[in-house]
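Paired with chain B in one complex and with chain C in the other, chain A is shared by the two complexes that follow.
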Partner chain A sequence: MQRLGHVHGPCCRNFERGGGRSGMSAAGDQVLTAEHVLEYPYSRSVGPVIGAFLTGLRDGRLLGCTGSGGRVIVPPTEYDPETAESTGELVEVGPEGTVTAWAWVGRPAPQHPLDRPVAWGLVKPDGADTALLHVLDTGSPDTVSTGMRVRPDFLPEGERVGRIGDIRAFVPAGPAGRGGVG
Partner chain B sequence: MPAAPAPRQGRRPVAVVSFAQAPNVRRDTAHNEVELLLPVIGEVLGNLGITKDDIGFICSGSTDYLIGGPFSFVAALDAVGVWPPKSESHVEMDAAWALYEAWVRLQEGDVDTALVYGFGKSSMGDLGKILALQLDPYVMAPLWPDPVSLAALQARALLDHGLATERDFAEVAARSRRSALDNPKAQVAYDRSADDLLGEDYVVAPLRRHALPPLTDGAAAVMLAAGDRAFELCERPAWITGIDHRVETHALGARDLTSSPSTAKAAEVAGVSAGPVEVVELHAPFAPQELVLCRALGLPVDPTGAGSTSVNPSGGPLAANALMAGGLIRIGEAAARIIDGRVSRVVAHATSGPVLQQNLVAVLEGA
Partner chain C sequence: MADRPGSDQVTTLDTPIRLDYHFSAGAAATPYLRGLAEGKFVGQRCPVCRKVYIPPRGSCPTDGVATEGAEVLADKGTVTTYCVVNVPFAGQSIEIPYICAQVLLDGADISFMSLIQEIPADQVRMGLRVEAVWVPPEERGPTLASVEYFRPNGEPDADYDSYKAYL
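Moving on to the complex of A and B:
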């Protein structure tokens, strides 16, 4: 199929069809297909706190921030999730941490981070008082448990661009784990 | 004319006077949203012998993400009729929050009736993708965690903290689907034992198939009336004597998933504990969430339903869970039991957002 036109905007449609003719005519099976281009053509700043967290990921580091009562929040937020007070300075945490909850996905969806069976996990990095959501690449549901020690498996330096996917997955901490900060 | 019970919130007593819902089905390919709503709107007005001219305010709840077109909800107004124009509003949430907006609107005192409706053809989209888009856009949504996976994390936390067992999840599912046998609008109803259900495979461990809500195409509508107008329209209005909603942080890892402080706070404000709860309709799409909500509401936690409070006699969202209508249906099902005289005091709950992030609690009473 070849795109015949491209109109940006939420309410616009452009039509496609098979074959070599142009326009909205139906293909041989008389089924008209329409491509609906829906996009959000803006770029926006992620702000001083999430921005610092994502920059930290690019540098292979995990950052949190101090919240009310001195607790450390990861990922950092501009305000404390419980008290709504402004949060304080950024602090480095982890990189190792402890699994506080997990769920085993035997059949990941195409959009999921890994294309093989994987666990979702809440990981509380050392020095943090909240948990981070990510995938746990342990290979099997028999090798994941609440309380297990894990560490982030970062993409190699140069492939990291400052997004949550810069962490490929969390993996078991210690010599058994693969990869590392590149 | 009897007197309406004094509401805990607001100055003006407001009641549910009529409720209707479409048959809940897995995939309705024969009707678009307007066609799905038309008979529901007709029934909710017809129950009272009124027409569109008798409606003071209209509020609806749905999500444009199912169709993938902004402002697609506007077209649904055709089910009511757009001329002459009526004051109208919409929430991109479950229609239980549209009911809340209508309740606030009725407090103004210049209109006496409000139509609330919600609809969702879940079959139009991939909820695993769509509902990931309601998460934090920087640190969560890019990973595409789906609602089943997040509910499974919550279930794991309950198991790890000794607050539930996998058998409890199965008992909730078995009881709910058994109750649904008496609900002609239910989508999933069966009589199977918890033992039988525990033989199913995991979808996302520790959740088996039975602990998940069905994907549902459905729609529902409620009529609200204030003050004396409620008694004119309905012999036994279901008075909303308490209503409140609260939200928790979107930072999932900063929440204790084994509890629901937002539900507890809403229940406290709505006055749940001020009297006996004969029936509670809980919007707990995943079986483990019923246990979390019962604790938060101060109700006995009994997955088999042996307690003095009847939990989800309609079958609840495990029997049918149309996106953006499922919460309103909880209010409607609870209210219907007041209106038909079966009970006198009920509690309805609705949820929105990931893993019970936001919760609405309403207490309804007969006069």
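Moving on to the complex of A and C:
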């Protein structure tokens, strides 16, 4: 559905004048309705560690960080989730990884990243000890499985801006195991 | 080590939050909104205390009963209180300074906030009598934007006792 693309407060300026548009009653004795959009254009500061992770995505690389006991945490955190100590240096992981869990989305909602059925999946990149959440674009629930090998499908260089969507989706890695930046 | 030079590193992330509402005006506000499209203020009356509410919300907050009818009110009234807006802010569409006033329409028992124009900011006062300036009929719709603003209508100031109960 086409939506209005700008900010509207919850006021009554959006009512159809005279009637006739779908969703808007034109009959004299019916209740008026209107579509409203409320949008807050937040820009948040990401800090040094997530900032490095996002910078890595922009460069077409997956970064984690070292935590307690030599564990590698992806996405990297500023503090170790187990010990609350500061985490260590950033390390490159993947890009291929293994699906550890998934859920099929048969009817994607407008806010979902792709406009066709996909899976949400937890992907543990090679060299990492944690998994990150992303979209698995496999085409069908029959072609996704726990333990399957996947690789990130990065947007082309120049379209990547430093956000998780720089990875369009994770896709099957294939038996040849080809990975890396498309 | 895969760290990046600080100057080139991503520091912010745009995360817009968006809410799509399907808004129903309800049985009480619909006649009010339709009235605005016709250049009229339409309120509703409480059957118990007889107060007239505009915009009508469908019930009387004092008596807890449904309000009734379609009370057509005058498009003039009294400034009960006001403030002068001197501070610029993002998205401001009106030139400062301007007056944001509570206007008590004649026949109404509640005031609502309105823009006052056509008078210097330092001459606005409590009790000032004002009238609605409507946008041209072809531009009116079921929205308060059908009222461009209120302006002084030249009548003598209202006596304080006539509106002190509405402050």
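The rule is simple: the second predicted complex is superposed on the first by the 131 of 182 C-alpha atoms of A that agree within 3 Å, B and C clash if a C-alpha of one lies under 4 Å from a C-alpha of the other, contacts with A are read in each partner's own complex, and residues count from 1 in each chain.
The rule is short, and it goes like this: contacts are C-beta pairs under 8 Å (C-beta built on N, C-alpha and C of every residue); 3 or more make two chains touch, one makes a residue touch a chain.
As the structure is a computational prediction, the values presented were derived from the model and not from experiment.
Engineer: With the two structures laid over each other on chain A, which partner does A:Glu82 touch: chain B (first), chain C (second), both, or neither?
Structural biologist: So A:Glu82 only meets chain B here.
Engineer: Which partner does A:Ala52 reach: the first (chain B), the second (chain C), both, or neither?
Structural biologist: Second partner only.
Engineer: So in the superposed three-chain picture, is A:Glu39 touching just chain B, just chain C, both, or none of them (first/second/both/neither)?
Structural biologist: Touch partner of A:Glu39: chain C, not chain B.
Engineer: Between chain B (first) and chain C (second), which, if any, makes contact with A:Val105: first, second, both or neither?
Structural biologist: So A:Val105 only meets chain B here.
Engineer: State whether A:Leu90 touches chain B only (first), chain C only (second), both chains, or neither.
Structural biologist: second
Engineer: When the two structures are overlaid on chain A, which partner does A:Ala173 contact: first (chain B), second (chain C), both, or neither?
Structural biologist: Neither partner.
Engineer: Using the superposition on chain A described above, determine whether A:Leu114 touches chain B (first), chain C (second), both, or neither.
Structural biologist: The answer is neither, since A:Leu114 touches no partner chain.
Engineer: Residue by residue on chain A, keep only those touching chain B in one complex and chain C in the other, then list them.
Structural biologist: Residues 10-11, 36, 38, 46, 50, 54, 111, 163, which sit in both footprints.
Engineer: Looking at the complex, which residues from chain B come into contact with chain A?
Structural biologist: Of all residues in chain B, those touching chain A are 68-70, 128-129, 132, 138-140, 142-146, 149-150, 152-157, 160, 202, 204-207, 248-249, 251-255, 257.
Engineer: Quick check: in the complex, which residue numbers of chain C touch chain A?
Structural biologist: That would be residues 1-4, 8-27, 29-30, 33-34, 37, 140-145 of chain C.
Engineer: Can you list the residues on chain A that touch chain B in the complex?
Structural biologist: 10-11, 36, 38, 46, 50, 53-54, 73-75, 77, 81-82, 100-106, 109, 111-113, 120-122, 124, 130-135, 141, 146, 163-165
Engineer: Give the list of chain A residues in touch with chain C in this complex.
Structural biologist: 3, 10-18, 23, 28, 30-46, 48, 50-52, 54-56, 58-59, 61, 63, 89-92, 111, 162-163
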